[in-house]
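The following pair of complexes shares a single chain, subunit A, combined with subunit B in the former and subunit C in the latter.
So, the complex of A and B:
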């Protein structure tokens, strides 16, 4: 994976450098490589989208970047350098120094992330008190300020509310307020709008956009929703079976994708702009079992372009020539043949429904 | 084909479902009416809490309806005795959101699919096995390889295929799908949507497809109905409704749906606030508290669903599109 380490020499890009990051869980049935060697860089104020299906390793990747892994039965390799800090191998005391103040995270499920028996104001003020050493009154004033910032109506009253008294969208706003309490420069958002209704999702995404501008943050947005990444990110990483299969500027990945998996993912997504009863293209089979990963490209068994080489040798990320656009495939799609909107009628490029494999 | 010449499979008139919460009453479904024609797929969309799932469950009488009538092929379901209703319900089947918890993990796949046949004693012995074999083949599960496996050994997508096979065992007229693809990854979701389209043609099914995902609903439906806080806002042919939404709520809902294409100009005009509590629904039009076009009339007078042509009906005093004529 040496190709990616010197992909861009712009010093501005060196804000977050992830190099050959691996996370392997030791399970009873053998080692499970949830993240199998991921490298990328993130610049200041940039938004990076991480997309993939369930089990592709996107959540484990974001947690590893944050330094959040279980203490036992996990091996982390490679390096995550963030603003002069090395996260891989850091002690908990070192991590505590940067959690909240430098890097913060919002999770998918705001209900289980909040303490149900503590008032939300206190939960927001906690990090202000512990990390920034604010007094109780200062922390309260700042917490109310934060509640206003994330658009919660009547913040003084809501300061006293318990999480169960708030709706899902409001709870996610509280989570964002907690994450932003100590002005982090990197925000990891793991499926922040999954489980929210579309109108609430739009509110939360607009809020994140607005706050990113206002507070000058870099954001890593982890999601399975291609609609969310299409509109809210500068660059995208597409993950499959724990590895990056394609990355580049959002526009390039959507329009000029080279990896067949990226196209298959785009073409199997139903679109509001297509007429009803548009036949969806499907990807045959299922994502691989990470415990039994074969030698070659992990997508090869489901790929219509796969050749013998694909099942024997794993492709590395290769540059396309467009700035920062990389793909891992032996038989890439060519530039011109990348129609994003799927055509009508039955097309069998990616095979018909079949789970009999 | 004019609507009058089509066979109505399901007709819902003023359906109401009220739950009690202590001394309070929540009207989850507050009087909705629609018809479902033979061979048609009607999509039912709305945000969480709008009553779309409750509607589906009330049609199956899983939750008792507290008002209104449900006609299935002309027979009124709610006035029938338990035994008669049970018999009529053979014609209607439902598939649920969570495929894994819909199946008994300790039973073998072929027995799960055969259960309706065993219940109704419609087929036994070799005939029963042949039907099960055929159904599993139809949904893309090889019965020779997987028939004897337990439900717990399957992934979500495969479990949903097994649920579909089971629902088809009684050769239903009407299939109610409640968020059947929302727990699945996009590649698996596409497989299931295509499968449903194929089976609908093959079995001549009429479907009510309940989901929150607007793109999914448009893809599979001939007509779409939009619900808000227990009421129908709008109903119409999918392509017309998505192109020219008449109800302001439909328009905002469509505007909030994100298209997987960075070059499409996204509508950033978002709906402010959240739906009011169904415990205390607003007077008049239920959407008026969030509607930018609301006037006094909206608060005092409830808009009724009315025809605006081209098969589209809207419940709004000030629809965004006028009559189609």
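So, the complex of A and C:
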């Protein structure tokens, strides 16, 4: 699959509509806007990458889209419409209707996201039995099918295994099988490969990719690793301090990024094509304290292009002219005047062996 | 993507993680055997060929013999029979009190940890206030005022006094299990609260609860010994507990110091029983401890 064909196949972008979504935690030291007004649309069978540093609000964003907030001390505003359901403000009983069967989630840490005292086969079969009303035998057969689907060898034997008996990669495969058990049409993967070896990471991501194609799902892939989203997403959202600072088709964001923060993220990703002992660029400073957000652009204190205006007025998302490509910056990078260094602009630089055709 | 139909062949090397739990070990099995013998004797005493513990069947203060395995006490009663019957009282107090403690403290602890919020604050403040009060003093004062004493009253008082302790342990275990990602994972698969509590939380809290139960039984049996020693347990003339026997022996040891089995046997059996409970409880805890360190 190439990004273009997928985009063309799915003109409808109203499968998931997120509008001005805010998640504010009421902490003892004041309100903390973890997500500060995020809007985007996601179509059928589309893969969206959400990229940002630690603390940029990407995990809170994905959990808010699921309707998974702590029960107290949090305020959610805006709207998340998913396939005709409004998530914001829905009761847990209403959410339970769509959880699992329509929208599912894969968690960051496969070590803690499986129940250690239950056999993995039973963990997969449980939702089939409870949600879809399958008999125990049917659920078992389907669970073994799912284990095969996610590439677990000798699934009949693994059905009886406990999570501790599996490696991290295997567990994440089981996690995926559990998430996919009831055929959800939207899958949220929150840093699904963070705890895994690099080689296993690629396998899990390729598996997600194949399954997305096979099962016709929309996927939201949350990650801090640009290499992960480069070849596996149709569109990207770059988040900083709880806000979207740039969004667009993956190709456009990589080749024609306007926001200095996106450039900084790209430059701080190690690349195979660099000569050895190349010093990796880092972003100076730290992510801002969300409790004390300044008036202007949140990235301004760390930005080399910052001007007076940046610290006084917050830039809004502006279109670049390319379809669906937006950025929020007063002093955007211009492709003509500031040519992208040879190693920055191509998605192929990120794991060339993983590029699909 | 053209090769959607080709089956996926995992090219990752499959690492088998064999069962890494250490075997239970001979020592623990010996402890379990000792507990089983005691429990068996306690349950089956009326059906076993054991002498009447209240009948003066022989000469007083006789040494150990085949007829009287542990000798006789200062009134000529068979000590073995008295220890065997005593195990019914001691184990009954231990298990009965813990049944009350876990029956009330367990569900409350899980409820507080699962619901959190105001309910947790309310329950925990009551429980932790009770916990701050020295329970042994409360038990002694209540029992010394509440006549006539009976087995049921002792079980009730000791059991209720253990509720805050059980509550604290179960609440902590539930909190720690509940903060794990698999609980959230179950929720977003659409599991209802009841299912999460019974299928996800309970199996993860149970090992902690079980080992604490064994420690609890051991503590209560020792506590009953203390109460008996203070003369606050049940009337030794109706049914002696292990603690009663030790207290009796202490009094008669002045007159007949040669009759040392009288104090040695009940004390040794009480000690070994409590030790075995603690060892088994500790081993169970480490056996069920599925920490990620082992991976």
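As a working rule, the second predicted complex is superposed on the first by the 324 of 357 C-alpha atoms of A that agree within 3 Å, B and C clash if a C-alpha of one lies under 4 Å from a C-alpha of the other, contacts with A are read in each partner's own complex, and residues count from 1 in each chain.
Convention: a residue touches a chain if its C-beta (ideal position, glycine included) is under 8 Å from a C-beta of that chain, and two chains touch if they have at least 3 such contacts.
In this text the structure is predicted, and so the values were computed from the model without any measurement.
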item: Touching partner for A:251 - first (subunit B), second (subunit C), both, neither; value: first
item: Touched partner set for A:100, first subunit B, second subunit C, both or neither; value: second
item: Touching partner for A:164 - first (subunit B), second (subunit C), both, neither; value: second
item: Subunit B versus subunit C as contact partner of A:203, first or second or both or neither; value: both
item: First, second, both or neither for A:224, with subunit B first and subunit C second; value: first
item: Contacts of A:281 with subunit B and subunit C, given as first, second, both or neither; value: first
item: Partner chain(s) touched by A:271 [first = subunit B, second = subunit C, both, neither]; value: first
item: Touching partner for A:178 - first (subunit B), second (subunit C), both, neither; value: second
item: Overlap of the subunit B and subunit C footprints on subunit A, listed as residue numbers; value: 167-170, 199-200, 203, 356
item: Subunit A to subunit B touching residues, read off their complex; value: 53-54, 167-170, 197-203, 205-206, 224-228, 230-231, 250-251, 254-255, 264-266, 268-283, 286-287, 340-341, 352-356
item: Subunit A - residues contacting subunit C, complex; value: 1, 66, 68, 71-72, 96-97, 99-101, 103-105, 107-109, 111-118, 126-127, 130-131, 149, 151-153, 164-170, 175, 178-179, 181-182, 199-200, 203, 207, 210, 213-214, 356
item: Contact set on subunit C toward subunit A in their complex; value: 1, 4, 8-12, 14-20, 116-117, 180-182, 184-192, 195, 199-200, 203-204, 290, 292, 294-295
item: Complex contacts: residues of subunit B adjacent to subunit A; value: 47-48, 140-142, 145, 155, 157-158, 161, 185-191, 193-195, 197, 212-216, 218-222, 238-239, 242, 252-264, 266, 268, 270-272, 274
